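What follows is a single structure, written as structure tokens, with notes after it.
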Amino acid sequence: MYSEKVMDHFSHPRNVGELPNPDGVGQVGNPVCGDIMRVEIKVDDGIISDIRFKTFGCGAAIATSSMATEMVKGKTLVEALEVSNKAVAEALDGLPPQKMHCSNLAASAVHAAIKDYLEKHGDLDLGIDPASIRIEEHGHDEPEE
Amino acid sequence: MYSEKVMDHFSHPRNVGELPNPDGVGQVGNPVCGDIMRVEIKVDDGIISDIRFKTFGCGAAIATSSMATEMVKGKTLVEALEVSNKAVAEALDGLPPQKMHCSNLAASAVHAAIKDYLEKHGDLDLGIDPASIRIEEHGHDEPEE
Amino acid sequence: MNRIYLDNAATTPVRREVFEAMVPYLTDKFGNPSSIHSYGREARAALDRAREQVATAIGATPEEIIFTAGGSEADNLAIKGTALSMRGRKSHVITSAVEHHAVLHPVEALEKLGFSTTVLPVDSEGMVDPDDVRRAITPETFLISIMYANNEVGTIQPIEEISQIAREAGVLFHTDAVQAVGHIPVDVGSLGVDMLSLSGHKFYGPKGVGALYVRRGVRPTPLLEGGAQERKRRAGTENMAGIVGMGAAIELAVGELEEMLACEEMLRDKLIRGLIQRIPDVKLNGHPTRRLPNNVNISFLYVEGESLLLNLDMQGIAASSGSACTSGSLAPSHVLIAMGIPHEVAHGSVRMTLGRYTQEADIDKVLNVMPGIVDKLREMSPVYVKTECGIKDICAQAHACDVAQPCGE
Amino acid sequence: MNRIYLDNAATTPVRREVFEAMVPYLTDKFGNPSSIHSYGREARAALDRAREQVATAIGATPEEIIFTAGGSEADNLAIKGTALSMRGRKSHVITSAVEHHAVLHPVEALEKLGFSTTVLPVDSEGMVDPDDVRRAITPETFLISIMYANNEVGTIQPIEEISQIAREAGVLFHTDAVQAVGHIPVDVGSLGVDMLSLSGHKFYGPKGVGALYVRRGVRPTPLLEGGAQERKRRAGTENMAGIVGMGAAIELAVGELEEMLACEEMLRDKLIRGLIQRIPDVKLNGHPTRRLPNNVNISFLYVEGESLLLNLDMQGIAASSGSACTSGSLAPSHVLIAMGIPHEVAHGSVRMTLGRYTQEADIDKVLNVMPGIVDKLREMSPVYVKTECGIKDICAQAHACDVAQPCGE
């Protein structure tokens, strides 16, 4: 069902946990649907210097969380905003179709954390309008069979 | 499917053939339904002294023909008229239900031969009115499932 | 006694390789393919592979294959499922008089639900006329179902012509290819069909498993609903061993198809010719050339099929018959009757269907014993009278006698 | 790695004896039971014997058994077939919210055909209230279908009470006993049911074969039509190996039922108790006592079922879950939701179903590894906050938290 990469990130998730004083926090999903992802970031000079996540959800949810945090760590906020849920799924060698819908929200959680950071630090000028950041709440939809 | 007795009578049918100058001939069934039985009898002193049959039909048709002729050979006409299709089937340890309908007419063929004999020899008084002999043309019916 | 099996149209033996492919799914690989754990995943992988094998064998894609419990379920799904999906939109179905009951009875059932149906006739060799199909189409027609090859007489229908007619009229076309798959080339692309039924036990796979090919975009309403198996088109935990067996069987059968076909045709023709030479008053039923490579169907006049079968069986030879006696109904085979064969001739029909295990020696044995059996039964038959025209009694009533043997010749 | 299989409700391994009983029907005894020759007769004899085995096991007569392709087909036949036979006469069906989809989806399909349906609720332990059944009956009601034992939470319904209500009202009663047969005593006479579904692969038989018991005189309209198999109640060449396997399996299962039942209950209770003792914030789903001997269904709060399953799988333990994630839909198990269990608790449910090959050591292994897995996932869970009430986040929205663990305690 899952690719080897998914299983690797699921069984050895990177960047699990919380940060002592995060600069930004993003959370997407809800327990009713069975997937919640929370991402905390540290930002230094417009760069994500540290990142942690906590996820309640299935294998895909945990693996995408791990992969998404790996993909944006050390990146500028602008670069990180360009990492889409779809890109995360692709970096994991794909997800089963039924998992694309609700379990592939880790990039959104990262975006939410960046938005939170930007909103809290409105005085910074990084050339990004936090209001322009759209948080995809329903992953990348596959066409229904 | 068939009992051992049926198979015995089918593979070694008794009384097959024709008689040189039969006293009575009876035929039932028709080729459209797939079963025809012809019985020829010799009668001496009101007793069936010899009998032969020819049958076009399935295993049950041949076996019942053989058995019926065996059962009436040497019997009086009155006794022979009492041998029913059902009795023939029972003597063969039964027939498959679907064979009771159209393949179990051998006794009828015997009855028809007796009727023919009586009609040809109307001057004899054996105490049987040939008109009273009913030829069952549809065997012993099982209730439809 | 060494038995000879000449009833491969009824069912075929399971190939050794097929059996061996099934064994793991009846022993340690027992998982349910819907489960996400390792047992489930190994079953899922086998299911996917079997689906690919079936798809490849008939030129389809895996998503176009719906596994079923056999040919009958596939036929029912194609006919009733399509009708249900068309309910309230279109109302007319076309089929032929020589279809298997698994097509004819569902079509009859549709009549009770308010659909109208046309059952096309066939000619004396069992062929449907494509022009009849064309003429039968009305604006209400949504489905045509014509079998690929007949199970009783082996006649192969002009499927490509009919499918083109269907396509031009915008009507869905289903073919029951249960007797064709694994025996003659079947490619859904070149046939141009929308749905096609097949059954594992007709090509050396196990009984109780089949498939319906459904072209992408075509959506018969499911008959069996429940779990999400087969993409919700057919519910029920998958018959894993059966499906794996059918996958292996179809791959093997299609791989050796040409070789087998040539071999079967050779033996078939030897058997037909041999019987006609050795026994008077016989008639080949079905088409002389457009015929399954393994099908021999012959009527032996004046004798009844079941008696013949039982006598063959006592000699260790397994065959079948279109006589009513085998089924217990009064009417003999609807296929022979639709071909205009008189009842009494139909009653004397015997079908011998060859297979990959048939040896030339088997054919020789049949040719050796058959004349004696027929003779013995004819001697016992009240309708058989040896005159110049040996068909005296029957001729009086049977219009098709001249097909069998010219009367008074 | 030594694997531990705790998903016997999904499917069971095929018993060695069952496999061995099947082998002849996948090798030399390959005949079609409809054939009259020796191959056919030996198949027919085996078919008759299997039918007798199934009938005997549930207290029925052989003519009352219709072989199907599994539990789903049996359910579909009972529901849709009965509805079709009642068409134009009566129009109302009653079922429960915790039925298998093989019952619920056919019932939904009936609505599209103009039938009306009542889906009864269950209590928090998954039980149907017989009084609800009684109240739901109208003069239009022709069928009640309530499952014997639930496949997810193991709750055993009061079938005898419901069947009596049905009988008094002159309404037919079907029960899906797929999870019950072979595990707890099932006797159609004392249950008083008119129809009963069973499936071979739930009691160590093969997948893809099942049966519907149909009381003499009850006549659901066939769904699969064609040949005269199963007395015209279900067409298609019989899955011989499957049927023979199911016959052998049911005889064996019923023969050792009491012994197995006691053994499974013992292990089941050890597992339930052990998990509750070792892991905080867990909740047993289903009825505490009226429950299948092999069913354990537990929600682990704050964690999601699939993650748990995958972790168990990595330790070689196969189980299943009622989480939406496994199915890919948003809503978790309809059974847990019908029992009033909040979505987030349902998402954390794991079902472990024991079987005849389950060892006490397997239970010990689960009890050993589960706390670590749950801990690890909870540490990773954003909804898990260790406070006095460990359920802070969830409590705000979940009314059934107090079922799981009193909040603020």
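Letters are used for the chains, namely A, B, C and D, taken in the order the chains are written, and counting of residues starts over at 1 for each.
Everything below uses one rule, namely that a contact is a pair of C-beta atoms (placed from the backbone, for glycine too) under 8 Å apart; a residue touches a chain by one contact, two chains touch by 3 or more.
Fair warning: this is a prediction, and the values are worked out from it, not measured in the lab.
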item	value
Number of hops, chain A to chain D, where each hop joins two touching chains	1
Between B-C and B-D, the pair with more C-beta contacts	B-C
Identity of the chain that, by mean CA position, is farthest from chain B	A
Rounded Å distance between chain A and chain C, as computed from the means of their C-alpha atoms	57
Centre-of-Cα separation between chain C and chain B, whole angstrom	39
CA centroid of chain A to CA centroid of chain B, Å	91
Numbers and ranges of chain D residues touching at least 2 other chains	36, 306, 310, 326-327
Residue list for chain B, restricted to those that touch at least two other chains	none
Pairs of chains, among all present, that meet the touch criterion	A-C, A-D, B-C, B-D, C-D
Residues of chain D defined as touching chain A within the complex	302-307, 310-311, 314, 323-330, 332, 342-344, 347, 379-384, 393-394, 397
Touching residues (chain side chain B, partner chain D) in the complex	1, 145
Residue numbers on chain C that touch chain A, as the complex places them	36, 41, 44, 231
Partner chain C, residues of chain D touching it in the complex	3, 5, 7, 10-14, 19, 22, 26-28, 30-32, 34-40, 68-73, 75-76, 100-103, 105-106, 108-109, 199, 201, 206-209, 223-228, 235-243, 245, 306, 309-310, 312-313, 316-320, 326-327
Sites on chain B touched by chain C in the complex	7, 10-11, 13, 16, 27, 31-38, 54-62, 96-99, 101-103
